[in-house]
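Supplied in structure tokens, the structure appears directly below.
In order of appearance the chains are A, B, C and D, and numbering begins at 1 in each one.
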Amino acid sequence: MHLTPTAAGVFPIAPTPFAADGSLDWASAERLFAWYDGLGADGTTVLGIMGEAPKLEPEESLGIVKAAVAGMPGKPVIVGVSAPGFAAMRRLARDAMEAGAAAVMIAPPPSLRTDDQITGYYAQAIEAIGADIPFVIQDFPLTLSVIMTPAVIRRIVMDNPSCVMLKHEDWPGLEKISALRRFEADGSLRHISILTGNGGLFLDFEMERGADGAMTGYAFPEMLIDTVALQKAGRRDDAHDLFDAHLPLLRYEQQPGAGLAVRKYTLMRRGILASDAQRKPGAGLTPAAKAEVDYLLARLARKDARAAL
Amino acid sequence: MHLTPTAAGVFPIAPTPFAADGSLDWASAERLFAWYDGLGADGTTVLGIMGEAPKLEPEESLGIVKAAVAGMPGKPVIVGVSAPGFAAMRRLARDAMEAGAAAVMIAPPPSLRTDDQITGYYAQAIEAIGADIPFVIQDFPLTLSVIMTPAVIRRIVMDNPSCVMLKHEDWPGLEKISALRRFEADGSLRHISILTGNGGLFLDFEMERGADGAMTGYAFPEMLIDTVALQKAGRRDDAHDLFDAHLPLLRYEQQPGAGLAVRKYTLMRRGILASDAQRKPGAGLTPAAKAEVDYLLARLARKDARAAL
Amino acid sequence: MHLTPTAAGVFPIAPTPFAADGSLDWASAERLFAWYDGLGADGTTVLGIMGEAPKLEPEESLGIVKAAVAGMPGKPVIVGVSAPGFAAMRRLARDAMEAGAAAVMIAPPPSLRTDDQITGYYAQAIEAIGADIPFVIQDFPLTLSVIMTPAVIRRIVMDNPSCVMLKHEDWPGLEKISALRRFEADGSLRHISILTGNGGLFLDFEMERGADGAMTGYAFPEMLIDTVALQKAGRRDDAHDLFDAHLPLLRYEQQPGAGLAVRKYTLMRRGILASDAQRKPGAGLTPAAKAEVDYLLARLARKDARAAL
Amino acid sequence: MHLTPTAAGVFPIAPTPFAADGSLDWASAERLFAWYDGLGADGTTVLGIMGEAPKLEPEESLGIVKAAVAGMPGKPVIVGVSAPGFAAMRRLARDAMEAGAAAVMIAPPPSLRTDDQITGYYAQAIEAIGADIPFVIQDFPLTLSVIMTPAVIRRIVMDNPSCVMLKHEDWPGLEKISALRRFEADGSLRHISILTGNGGLFLDFEMERGADGAMTGYAFPEMLIDTVALQKAGRRDDAHDLFDAHLPLLRYEQQPGAGLAVRKYTLMRRGILASDAQRKPGAGLTPAAKAEVDYLLARLARKDARAAL
């Protein structure tokens, strides 16, 4: 199954589960993907920035892909293949597709500056991995320091038929979604799927601007799924009510660097992960921070019973 | 009146009001500072990053300082004096103090990298402006790309007796507040005031970690004032309830680049500013964004009557 | 007199002379510009990055402009007006032109990334200073971290009729000169003057690629003038022989950060500046470094008598 | 054989030879290392930034290590193991040592800013690869944008007994060598080897400041070897005479980005590499640039017969 430009809905970004000793926790991985599937997620993305991908051995990376494919039967798995060199990118991309992945996701290296450098990089990357593999553009300036204008994204999409999706996490980014959809309306851009990231911090309005869904790792994917569904059903106020109830926790989770620790801790408290350990280097939460998350969970539970732990 | 390390409470960051033709709108400036004063703000900060300071002529900058001093009688006015050269910094600092300011605020230039470069820069800046002027460290890595560890902040404070306050807007930053307060507890750091920025996005927990208040420009300073007061009164849940009600709008305002436009638009809708114009270069809100802010205001009004416009 | 796109030859970048106590040394400034004039320089550029411009008071900046205009009668003076805000840029630009300057030079602020941001910035800057003032684009990625492709430079030139010159100091940059001259040959770019910087490190080949001369601060402007003249006369080997003789010293001077200290020390040893002092902040040469410069000067004197001090 | 802090002399940085079709050219690799050995190089460094390491498959990387070990019997081979994650770094480091390497070289990732981040990174890296593997610090701010003060380097050296060498390529960097040697003199730093990079652009003076030799890829390693030997023999003027003769070409080669193409082209013209091809992405020289290199080689041949091709 290959990902297509009509993909939509919620693709949770999967953290990679580790045991306290740093070894990969395959049982938690299995539980995680089964849980995503049962919640009604439309697919998943593995080996993203939040997946601690650079800390994995090649066999472990491939193992995670296989666990996701097995755990979400019939649903597309997207695999982050960003790498400092095209040799490693190509190998992981082709191995992942052979293992059943539906697409790969490519982020630009932080050194890129000019429009031509960015479009040139994607041309070379696609030449390296092969034009037969569907790919997702990751647009994440806050972390990657690469700024892609809507016109640059259009050039990448129009120059590369295998581009099927934009993972949008520019910040601020609402006007960018509108600009891209205007390009589609005026015929200068073919349709691609736009899923949004940034931890979901603007998902409420992103849907109204034309996004197709979310691809992010908030520890309550149920909320992402429901918000997307409510917006698609035209129930705007209900969507915002649910979203706003989660915003205090979501905002807390969306802290650069610290976010993954919050997410893993919450998923552990929810019983999905056996441990909130990160492989080194990676800092856990302080007791003060854990108490803050607990407090936010308790407050959230008053409005959304799924947070009652 | 000179600012001291015991300063606390809420110091709104003042936007600089312009008319649609780009001229300085002195009437709105007068109204703004009187409004801050009436709300119970403990002081104000002018010519900060949000104050469009680099767009002002020297006489205009001084005019804003005088307007703030006149509009908030008996309350401290802090003046941003960050500049690419020490000549301009010194002149504005001394002129501002002569005009009645209580302190100046200094941000590190984006080129600084090592610990020694940062502490060396502050030593030189204080030598340039004079050690008789109280100063505030602005710690804002997201915008300035300069990273100060708690130990570096301690060195600046201990090396420079005229340092009285930290404007804290690291992100994430909760652990930094805790680390600095631990330094005070172990005797390695003298007490300074810590006011927090980042649009207030973490004010709820920052107060619990030891902050003394907020210095930021959220367009409802009433909420900042009330949250600080509730936390100081030990009414934790009430503080969070109020904060959470405002979070959807606050989050929307806290978008890099776009934030000032949201803030000015809201202040215009509230009747404080006559126009939401920014002096060039500076983009306003699109109609879609204005509609989103209006929607957020309407939703907020259901929980906080002060948002009913 | 206004600078035109036919400008050519050598425009030394003038350092700003200070006395040991940090005060401006007007006598040395007078001597410096008279010396440039006598050597046959075709103009000069003041208040550039090497001119310690941000350390000057506004009256001092204007004083330097006037000293250059008076010291080089009938020759064009270019004034660096780069500033964090357009208000300061406009004021200095208009004051400088009124004082007799021939053009201004504008560098992009380091925060610019995309092609549109760069061209947009120049459009706004020209709107701010006025389209009646000839301007020079400063393209210096190593220091400014802004990367302008040849196509972006073309857009700036074609969009702004008042653009007359490119100060080229990309590194590497030979292919950029060739690309711009190809644009002129194919009719997509009108002719502008290209003077090169980078301390002159590639001047030998830059002239062969199509540069019109040099705008840099090497402490032997005589060599720059002779190399440009020899290349224009078609005496390639002679040009390289002279250039190569100076290269060990020129290379030593072309060290980021340390270069100005080397330059001022050499100009002091040559009797042009009374002191090699920089205004704070700014480090001088260590004794070891001075001894190295002395050694290089002694070696150079064996090949170029003008270095015998 | 493990590298020790007494290592000295010249370790050429080896380019990775490719055929025109992008495949690894093992015959040229064999010729290259035999040539280094015959010239009297004291060792070699492979898989550095100039070695196009991120473009290699893991087996190819290990193949290059083995070719170097086989081609330079009894001489130390240093292996660049910088990687975005510690898993890949550990694997390559341990495989390389097992294959006969003498040490590994580690560059800090570009995201590091504060002193603590840098020293913390090295602590984690050494924990990952094992403290039994000698390592080299690569200090290359121009490319890596990480600035290490002498005090930070001292902390890394003193905290990690397996640190044996600094590859010094700060720019400017002469004072840094002096500062580190002063640390040794005052007893605060144990002795380590310092080999210098930057293409050799300051090798003449670096030796006088206390460097032990060079680790760089200039296409005439003979000159590096002779300059180091002359300086060690106290023949200062002779060392500078030889160095200055090569400086025009060396300067041309030392252009960021373009340098590797110049180097491979020269090595091809010298008969060492069968092709000057780089694996994608990587641009070759234009005809104009090749003609410039040819001209520089012809000029050099008048002073150093080894350049007569």
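The definition used in the following text is that a contact is a pair of C-beta atoms (placed from the backbone, for glycine too) under 8 Å apart; a residue touches a chain by one contact, two chains touch by 3 or more.
Being a predicted model, the structure only gives us computed values, none of them experimental.
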item: Chains touching both chain A and chain D; value: B, C
item: Self-contact between copies chain C and chain D, residue sets same or different by half; value: same
item: Separation of chain C from chain D, taking each centre as the mean of its C-alpha atoms, in whole Å; value: 33
item: Interchain centroid distance [CA atoms averaged], chain A/chain C, Å; value: 48
item: Set of chain C residues in contact with two or more other chains; value: none
item: Of all residues in chain B, those that touch chain A in their complex; value: 171-172, 174-175, 178, 201-202, 204-205, 208-209, 240, 243-244, 247-248, 251-252, 255-258, 286, 288-289, 292, 299
item: Residue ranges of chain D in contact with chain A within the complex; value: 53-57, 60, 83-88, 91, 110, 120-121, 124, 127-128, 280-281
item: List of chain B residues in touch with chain D within their complex; value: 113-117, 146-149, 151-152
